[in-house]
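Both complexes shown next keep subunit A, but they swap its partner, so subunit B is in the first and subunit C is in the second.
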Partner chain A sequence: MSVEAAPAPAAQSPPRRRVKQFDRPRFLRVFTAVFYLFLFAPIVLVVLFSFNSTRSLQNFEGFSLRWYERFFESESLRDSLIASVEIALITMVVATILGTMLAYGLVRARTRWSGTANVLMLVPLVTPEIVAGASALLLFTQIGLQLSLTTIVLGHITFSISYVTVVVRGRLASLGPEVENAALDLGATRLQTFRLVTLPELWPAILAAGLLVFALSFDDFVMSFFTTGESPQPLPVRIWSAIRFGVTPTINAIGSFMLAVSMLAIGLALLLPRLLGRRESGLGVLIGREGA
Partner chain B sequence: MSDDIGAHSAEPSASATDAAIRFAGVTKQFGEATAVRDLNLEIENGEFFSLLGPSGCGKTTTLRMVAGFEQPTEGSIFLEGNPVEDVPPYKRNVNTVFQSYALFEHLDVADNIAFGLKRRKVDAAEIRTRVGEAVELVQLQGRESARPRELSGGQKQRVALARALVNRPAVLLLDEPLGALDLKLRKQMQVELKGIQREVGITFLYVTHDQEEALAMSDRIAVMSEGVVQQCGVPEDVYERPAGPFVAGFIGISNLLPGVAENLGVRLAGGQLCQAAVPGDCTVGTEVQLSVRPEKIWLDQLEPGMVSLEGSIVERVYVGTTTQVIVELEPGVRLVALEQNTARVEVHDRWNIGDRVRLGWRPEHSLVLR
Partner chain C sequence: MSERRFAASFLLPGGLWLLLLFLVPLGILLAISFGTTDDLGNAIYGWYPENYSRVFDSIYLPVLARSVGFALATVVLCLLIGYPVAYYIAVFGGRWKHVLVALVVLPFFVNYLVRTYAWIAMLGDEGLVNGALDTEIRFLNTPYAVIGGLVYGYLAFMLLPIYAALDRMDPSLIEAGKDLYGSRWQTFRHVTLPHTFQGVLAGTVLVFLPAVGDFVSAQLLGGPDEYMVGNLIQQQFFAAEDWPFGAALTVVMMLFLLVWMIMYLRAAAREAAVA
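Our next item is the complex of A and B:
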């Protein structure tokens, strides 16, 4: 549709402006606008109706926080929220540490297997989550592990490590081995080199990766669904259970809340490295840099 | 330096007569490839020593073995008389200036320079003094609190130099430190670097592929090719008396003419005899190459007793102060002659493409290479 409309405005405009029109066809703008409309309209609606004062999911009849109140007043929902945050935090810490170590090994190791290892590391990113979830469930029941928050955390860590590794590996590769050699050359032991040079250079990437993992874990459904125990269940699984008995505005409130948390994490992940990269930022405070 | 010896060398037996660095039969292999082959060299204390060669000749590998980033496959390296096989990089009394500078981006200039001193637990007051001196030495006053990313290439290079020099190592290793700078800055830094070396009196082991740089700064040069030192000597030796066709070709422009050794000189393929001092081990009939530097060649107006050849001018390349005149003796055999563009003579007035010309040089400028 947009494609057909394109030549018309170009033909109408005076010849002088033709070049400019040709550079930036108008239909691309329309197309982009439509794309973003489709992308964000459902989300905007969910957020909007989470503030609705009535149960209606069709008509917005006034602003209220009653659905949020209901969300936070429900003890089981609160437990689910706490469970989700716990899972996300533990996953974030463990996956970030393991993923960083893996990245370090993959980039710095000089063996004939590093190529293979580097590719294998990406497999979790492209494995359908349904397969990962089902196989995790199989494994846990096979070895007789009680399904609980622990199994969810284990499942989440498994798929999160790759994300951390990809992010940190990129930074590490661009850092190059020469900077570490320089530290060794100047009398720093291997450990001091890692602590005083490698880690400070990697911090922004590690932090970003951690926040990304938090967001991924916090709203993960498939892996959580396969590996969850009876109670408490993480929030996304809870919503899914609730939704089978009909969509209530409370679900909109939970959804909006989760959206806010995820966006905060992703926003920080994107923003922090940039802030940390700048000299006047709170870098020194955040990473405990020596000297002034 | 006395405080350094205990920290850096296994035995305090280093005497003043020991070479700063000694390579004894050092070979380095990466898998099947040999990067350095049976290297034997002694670098004296306080010397500005250059390893010169094309990329892949093993010069950087040699440097990295001294720094401790690579281990020799065979042979030993001695620093101040002591073998360093078992000494990790952080305990060797050498410091490196990396080609990529490898500055610590998260530290400012002063902290970058102080890094080595802090690791050695030098006390704060002395660190301040020595960092101040180093900053002054490389003329970075006022930039102490800048971050590396705020510096220009030349300034980064100075920080890298100061960061290494401030530790007063026995040997400073420089891996093409000027490679990333533009020509004008490079020339300026060459002079400064030489001045700094003279001032601090530290042994410099300098790796470069730039023959002009090596000639301008070095006390001695080792020309490397394919992992082997082809010639080691003072700049004049290496330039005027290259030990073989590789050195002659790599350093400066060299005219190499194939021929056969005779008693009085070399018989060129075209039949002309060029007088030259034939080395004793060249028997009559040996296939050799005759080398002559372009600036030694005269065009026309030859003196009596000179080697004299004839050819036609095929190309004229104006390069500012000089013009390269390329003369073809016979198809495929060409010589480059350099003519000065002095106030008195404009080369393009005298030499035109297609002109027949007589060219020659003094017999002592003929060099016979095998």
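Our next item is the complex of A and C:
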């Protein structure tokens, strides 16, 4: 990869590649390498020390699972884990359905208000979470709804709908209405067309969006913090209280475990489109780059 | 039923949900911000604009200024770090491009609290860095630590839009710039930067908005001297139990951010119109 090594492969590789190798500023490469180092150092640290056999956060003194045992043996932490998963699952299902319907309506309805609605959709995405959290808390107390897992789910669905809509909308827009029109011409009802033509094309985007929402909800702290009841509280709220009482290695275990769950969801979101035999990558679906 | 009507009916459930659980709560927030508390500390409606004059009290004004300052510093640092890395990935990433982008997104899915906590473990007075260097440098409870935490937390929001803009750009434009005897810097300034300006703008807003409202970084990596408006709001809701004042603070912050939000939304609308 370095400049010195360039002449050797030059014989086989196309000239375009050689130019790029030659032009690659070395400082940029070092900068990028350092960037990734800083990006991952804290995460590697958390995962590594979650397996430490002692309380120390400075020296790794041998492999052990004691902090994971402590996590899973605590009944209240187990309840919190179950609560977090429940919240994320319900949020995923409801937000995905609502968000997908919204995307379909926005792209296909083409009313006078479509442009405005398309932009208003983005408002929940750019609203700071503390604003959404505080106003959700006010709503629930004003209508006399007891704070509980239900209020957390309501809050999570609210901020998740827009993510789904943005992801699915991108896919729908690149689809074009031609195939749907063909189905209608062939005598399918609108509902049949949606179910048999549109939906199958949208599945990769819908699944990716759903798994993204699962991960976002599972990790969410601010909205949960504002809308949570006494107990059980979701894991991030528990981590918050634990950190404020001091640093304990159990947090490393909880954090690593949560990382594994989120990775599973995101990994699936990235892989599923491929597994379903689609050409586009899941990443493209998620960051809305496909068809661009 | 016309096709439009059919499609429009799909808007109903989600639209209604956002109306009732996003817009109405914002209205309640606004109403409560003019309210007061009864003897039990419960929020009641009323007309007490002094909540707002309190926001600009000399006790709270420095906190507001600090929030904006910290958030701006975060934006600048994210830009200085994110742009070169996005450039490297987009131009020199080759077949590793997707992997490199995925690696940027990955830490974003480690819980924000846990990531911040990891910095405490590394930079604390008896943390890893001071242990390894055998020093007693005080990293935590400084403005630098709080800004660093914010940069670490929101960097992906800056990097991804810039990457997307660079990736869309035709690389032969850069080569053309150099063919025309532009130096590296001239090519960057006159060709690359203008082409990716939309990405920079989007990244700036996407980092600035959550950074201003953040309270985790200041609470965990800083101390009361570093508190931001998010910490004030959180205190009013959970410690002081002065919800009307907390609501007023939130409304003021939201109004300030509205300018930025509109700027971003207009750019998004323009992009949608082009697409």
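Here, the second predicted complex is superposed on the first by the 254 of 292 C-alpha atoms of A that agree within 3 Å, B and C clash if a C-alpha of one lies under 4 Å from a C-alpha of the other, contacts with A are read in each partner's own complex, and residues count from 1 in each chain.
Everything below uses one rule, namely that a residue touches a chain if its C-beta (ideal position, glycine included) is under 8 Å from a C-beta of that chain, and two chains touch if they have at least 3 such contacts.
Only a predicted model underlies this, so the values are computations on that prediction, with no experimental measurement involved.
*Asks:* When the two structures are overlaid on chain A, which partner does A:V179 contact: first (subunit B), second (subunit C), both, or neither?
*Replies:* Only subunit B; A:V179 stays clear of subunit C.
*Asks:* Which partner does A:F72 reach: the first (subunit B), the second (subunit C), both, or neither?
*Replies:* neither
*Asks:* If you stack the two complexes on chain A, which partner ends up touching A:F257: first (subunit B), second (subunit C), both, or neither?
*Replies:* Neither partner.
*Asks:* Given the touch rule stated above, what does A:V197 touch, subunit B (first), subunit C (second), both, or neither?
*Replies:* After superposing on A, A:V197 lies in contact with subunit B but is clear of subunit C.
*Asks:* Quick one: classify A:F60 as touching subunit B (first), subunit C (second), both or neither.
*Replies:* Neither partner.
*Asks:* For A:I239, is the partner it touches subunit B (first), subunit C (second), both, or none of the two (neither)?
*Replies:* In the superposed model, A:I239 contacts subunit C only, not subunit B.
*Asks:* Between subunit C and subunit B, which one touches more residues of subunit A when both complexes sit on the common chain A?
*Replies:* C
*Asks:* Overlap of the subunit B and subunit C footprints on subunit A, residue-wise?
*Replies:* In subunit A, positions 184, 283, 287, 289 sit in both the subunit B and subunit C interfaces.
*Asks:* In the complex formed with subunit A, which residues of subunit B make contact?
*Replies:* Residue list for subunit B touching subunit A: 67-69, 88-91, 94-96, 98, 100, 102-108, 110-111, 114-116, 119-120, 147, 150, 163-164, 167.
*Asks:* Would you mind writing out the residues of subunit A in touch with subunit C in their complex?
*Replies:* Subunit A residues touching subunit C: 19-20, 24-25, 28-29, 31-32, 35-36, 38-43, 45-46, 49, 57-58, 97-99, 101-102, 104-111, 115, 117-119, 122-124, 126-132, 134-139, 141-142, 154-155, 157-158, 161-162, 165, 173, 184, 190, 215, 219, 221-222, 226, 236, 239-240, 243, 247, 251, 254-255, 258-259, 262-263, 266, 270, 281, 283, 287, 289, 292.
*Asks:* In the complex, go through subunit C and note every residue touching subunit A.
*Replies:* Per the touch definition, subunit C meets subunit A at residues 1, 3-4, 6-15, 17-18, 21-22, 24-26, 28-29, 32, 43, 81, 84-85, 87-89, 91-92, 98, 101-107, 109-115, 117-122, 124, 126-128, 131, 152, 155, 160, 164, 167-168, 175, 184, 205-206, 209-210, 212-216, 220, 230, 233-234, 237, 243, 246-247, 250, 253-254, 257, 261, 264-265, 268-269, 272-273, 275.
*Asks:* Given the complex with subunit B, which residues does subunit A contribute to the contact?
*Replies:* Residues 176, 178-179, 181-189, 192, 196-197, 200-201, 279, 283, 287, 289-291.
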